[in-house]
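What follows is a set of structures for review.
In what comes next, subunit A is part of two complexes: it sits with subunit B in the first one and with subunit C in the second one.
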Partner chain A sequence: MIRRLAALSRKELRQLFASPIAYVVLTVYVALTGIYFFQHLVSYNQLLFVYQSEGMTGGGFDQGTVPSRINVLNEVFVPSAEDFGLFLLVVLPLVTMRVFAEERANGTDELLLTSGLRPYEVALAKHGVTYAFVLLLLLGSAIYPAVVVLRAGLGMEHLVALVIGQLFYGCAIASLGLACSAFTSSQIVAAVLGYAIPFVLLDFAWLSNTVSEGVAAVLREVALLSHYGSFARGVIELRNVVYFAGVVALGWLASVASLELNRAR
Partner chain B sequence: MSAKIEAQRVSKRFGSIVALDALSLEVAAGEVFGIIGPNGAGKTTFLRILTGYWLASDGDVRVDGLSVTHQRFAVQARLGYACEQPKLYSDHRVDAFLRLMGALRGLSGARLRGAIEVAVDRMGLEPVMRRRIGVLSKGFRQRVALAQAILHEPPLLVVDEPTVGLDPAQQIELRRIIAGFRGQHTVILCTHQLHEAEVVCDRVALLDRGQLAALATADEIRAGGSLEALFLAKVGTHSGLAS
Partner chain C sequence: MAFLPAAGVVMILVGVASYYATRSLHGMSAFSAANVAIGLVLLVIGAVAQARRFRGFSGAESRRVVLRWTAILVGALVLVVGLDVWARVMTARIDLTVDRMYTLSDESLLLCKELEKKGGPPVELVFFEDALLAKDVRLLVDAYDDTCPGVKVRDASRREPPQAARDIYTTTATTVIACRGEVCDPVGYPSERNITTAVARFTREHAIRVYFTIGHGEIDLASESETGFSGIASLLRDQGFDPQAFVGPAASEVPADADLVVVAAPERDLMPEELAVLDAYLTRGGRLLVLADAGQRSSFYSEFLPRWGFTLDDAVVLDRASSPLLQDPKPVNLIVHTFAPLNPVTRNLSARTMLLLPRARPVELARKPAPDDKLERAAFASQRAWVSRDVAAALAGKDVEPPDAKDSQQISIVATGLYPRGNGEEDTSHQARIVVIGNRDFASNRLLEALYNRDLFLNAVRWLANDEQRIAITDKAWTPVQDPLTLQTTVAYFYFLAFALPEALLLLGIFAWWRQQT
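== the complex of A and B ==
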């Protein structure tokens, strides 16, 4: 099984990097995260300057003092993590839309699924390679928070937690996108669903005033963002890890189910 | 090493459309068995059920006693499949593709290299080994499809429409290759070319509207005139699309 998985994963990697999408997504993601990180850094510096300038003393602040809530964690790390999460949501469906749908459209799924491969092996290889690509994206953009961690003396645990959180979050979005790709032979349909489902699951705060408290609590637990935020603060909570692992498992199971359903159609 | 096949009242329905209707047939080990019929007769549907790609709505196919419905991976380990309009990874080079398919079949190291060498030799692929599949002619793509199907020396070879779109020279060459499998593998050959079935196959099943319309040996076909005469007698000239 390991040998078959390795062979199939190599094929997936080859196909991923044979198309320009992977390079475009990598470049755009690393560039966007860099620009927005720099923007938060500049805003933070400006804020520090304002607080520390003489002009603020008349406004009620003592000269040279900065409120404790104004720190690199709150002003740079947390908003950057939110931006990075949003960018992942924007770029990942472009990668996942192809993975199963192209195979089905070209008919090569027939080649794979009659060669003795189990559907769960096909899904494992495709999901695994996509998650490895998510990790590559994150490592490419981790340089920015890494510099801040080193220069601001934040503590390496913040960087580790941020990357782990992004990895969980990115894999969850990718997993949903892959499940969408597994149910169609149209890459466009896969992309539209790959955007729509994570966007719906992103946050239910807008609904909280229109539903009962119990339902609002459930929706909060279901929302992607409510499990993502704490990672940027350097906290890895088990319930968040379990949530993201659950979404990833769900996407993988849906992919396997789609391959089996296609057989029984 | 070849396999015996028994199809027992195999049906396949897509909603209200009946693609296969209680089809039963037996293929002896080592036989080259042809399946012919008009469009929509259920030929490809039967092959997809036989290879485990689709699940039969009713009935079952057994390969050497193994049920395709319940033991599909064991059956798939015993068959090689070259599907219609060969579905291959066109961005792969021929050598990389054969390595991939061999590895997916559980071959590695010297066994894989040896299997590729044999398949390349039998299919005459040496001149195109380092070329991308996407740029190959239809004839060579078909040979690549057959090469990947025989890598693991399966007892059963399933070949769907191997000569569609090929020029006469390529058709003759492919028929020679498929006829060469006789005795080494059981071959199920699905084709639209009546002449091809007549020349290559030991027996031929004629499907029409999902049912077995006729079953004849090569001798019986010759005695009756030709396969074309049998086809016209059993099916007529309707396209089969109405089914």
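== the complex of A and C ==
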């Protein structure tokens, strides 16, 4: 089974990196994260300048007069990490849309399923390769938070927490996108659904004023963003890990179900 | 009909996006709500239409597969929801922040145990989810909810605060209000220290009463100017103390409800009767905080303090290293970063948590009043500092050259005294205690929040008021370095991160496309 999985994963990887789409997605993501990280850094520097100027402090000496709540963690690190999460949502459906849908449109999915591979193995290989691509995206953009970690003394552990959180979050979005791709032969439909479902699941704050407190609490529990924020702040919570692992598992199961249904049709 | 679901998805997305774009103006607008509602209806109509056309699973085997996988998916969903509920109950977390920002300190946990032991209604932390700082402190507030059985967290909105919190003046920065029954108190900046202090207030029978002597040119607690001291009055109230004025000449003794007395930089002599009242108060196990300023010649310094083991020379401590501070060329603005590690007043201060004490006066130890008394120097000027006895010239910037042969002994600025007078060492609550700080201006409105001045003042007051437990709770550092990148460095990073790296990736993509074509 391992050999079959490895062979299929190699094929998926070759397919992914043979087309320019993977590089375009990497470029767009790294450029977007770089620009936004820079914007946060500039804003933070301006804020520091205002606080350190004579008018604000009355004293005018550098260190210590800036309130501790104005810091690089709250002003740069966390907002950047939140932006990075949104950008993952923008770029990942572009990668996931073709994974299953393309095979189905070309009819190669039937070849796969009659070649001795089980549906769960096919889904496992395709999901695994996509998650590896998510990790690659994150490593490309991890340079920005790493700069803050190294220069501001935040500690490598904090960076580890952020990357773990982004990986969970990215894999959850990718998993939903892959499930959408598995149920259609149209890449456009897969992309639209791959955007729509995570976008609606992103944050239910827009509903909190119109529903009761109990329903709002449930919706908060379902929302992606409410589980992502604590990783950026350096805290790994069991409930968030379970949530993202659950979404990933459900996405994978839905993909397997789609392949099984396709075979049974 | 295939158009309907796509149109539905677009309308839902527009509805949600328009909400996010305009929520600060009017929350959920009719436009957003209508788009979401119509979008949902279109999706349902499209789904029904698709379902009616569905012919894919007409065989018995196909239907079995559909049923099996539907059951598996529903089962998996139920399992995931169950695990999620279990994980919420478990409340396990790993705090990987550099200063363990979101993990309660031992002192806070001790207070939690106290609360649990005392029983009674829980202290409620009303957490305003829509406050300015809510995102920053959510995890900290959750830590109280998870690990402190006597404290419950209640989420609330600033627009509709709970009844008990309605009478309290709040601002957009008010994130947490501590309540017990009908009594509520706002927590200042929602750090662990302030939240724990707010909770601790509900465990006390009454507020700690601090009497400030007045009438001899002491500091003005009402003055809100930069050189005034209204800041420490606000700070004390915020931390659960009750500052009061003590008119020495009019009283035959210190009020019985005094938890401590502060003699803050008297410029004139205290009358002998007043000194006797203070003597009697200390002999009974009273607590005294003294702030002294360079250049003051009150009898309080020359007669009273030596009787309790402290010598305050009429001198000023100078240190050239700190001259650039406060844009003052005179070397009178002392930076203090050496502390006695075991002294209760300075035990949470270190070289990383310095004090700024302008016009500091040396505080040295004299003979012990009794053999069992414990006198200790607590904070020191740097090795390069020296003492000038010509205070007027030094403060005017004239006598600013260090002596050729400087005394190698460290110059003390803060000292403490503990006087176990026949009450037995076991019962520390009745021992007389004195803290002498050879400085006044560190507690002024201008400098109270500079460096760690506030900590020194609160530590002294807390130790004197038998509230040592709270001394060890320091405000944790969000980031050790507050300004890690200059604008120039930022721009350099920007060129690499936002241009060079994406450019390299794009070139790789073009190469991959070219190889595919050939």
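Convention: the second predicted complex is superposed on the first by the 257 of 265 C-alpha atoms of A that agree within 3 Å, B and C clash if a C-alpha of one lies under 4 Å from a C-alpha of the other, contacts with A are read in each partner's own complex, and residues count from 1 in each chain.
One rule holds for everything that comes next: contacts are C-beta pairs under 8 Å (C-beta built on N, C-alpha and C of every residue); 3 or more make two chains touch, one makes a residue touch a chain.
Quantities reported herein were computed from a predicted structural model and do not represent experimental measurements.
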{"item": "Partner chain(s) touched by A:117 [first = subunit B, second = subunit C, both, neither]", "value": "first"}
{"item": "Partner chain in contact with A:107 - subunit B first, subunit C second, else both or neither", "value": "first"}
{"item": "First, second, both or neither for A:253, with subunit B first and subunit C second", "value": "second"}
{"item": "First (subunit B), second (subunit C), both or neither touched by A:50", "value": "neither"}
{"item": "Which superposed partner A:15 touches (first subunit B, second subunit C, both, neither)", "value": "first"}
{"item": "Comparing the two partners subunit B and subunit C, which touches a greater set of residues in subunit A", "value": "C"}
{"item": "Partner chain(s) touched by A:238 [first = subunit B, second = subunit C, both, neither]", "value": "second"}
{"item": "Partner chain in contact with A:264 - subunit B first, subunit C second, else both or neither", "value": "both"}
{"item": "Touched partner set for A:3, first subunit B, second subunit C, both or neither", "value": "first"}
{"item": "Set of subunit A residues, in rising order, touched by both subunit B and subunit C", "value": "18, 264-265"}
{"item": "Subunit B residues touching subunit A - in the complex, by the definition given at the top", "value": "14, 48, 51-55, 73, 76-77, 79, 81, 83, 85, 87-89, 91-92, 96, 99-101, 103-106, 108, 148"}
{"item": "Interface residues, subunit A side, partner subunit B - complex", "value": "3-4, 6-8, 10-11, 14-15, 18, 106-108, 110-118, 263-265"}
{"item": "Interfacial residue positions of subunit C with respect to subunit A in the complex", "value": "6, 9, 12-13, 16, 19-20, 23, 27-28, 32-33, 56-57, 61-62, 65-66, 69, 72-73, 76-77, 80-81, 83-84, 86-88, 90-98, 101-102, 133, 135-136, 138-139, 189, 226, 324-327, 356, 446-447, 449-451, 475, 477-487, 490, 493-494, 497-499, 501-502, 505-506, 508-510, 512-513, 515-516"}
{"item": "Subunit C partner contacts - residues on subunit A that touch it in the complex", "value": "17-20, 22-24, 26-28, 30-31, 34-35, 37-38, 41-42, 45, 48, 58-74, 78, 140, 143-144, 147-148, 151-155, 157-158, 160-161, 192-193, 195-196, 199-200, 205-207, 209-210, 221, 229-230, 233-239, 241-243, 246-247, 249-250, 253-254, 257, 260-261, 264-265"}
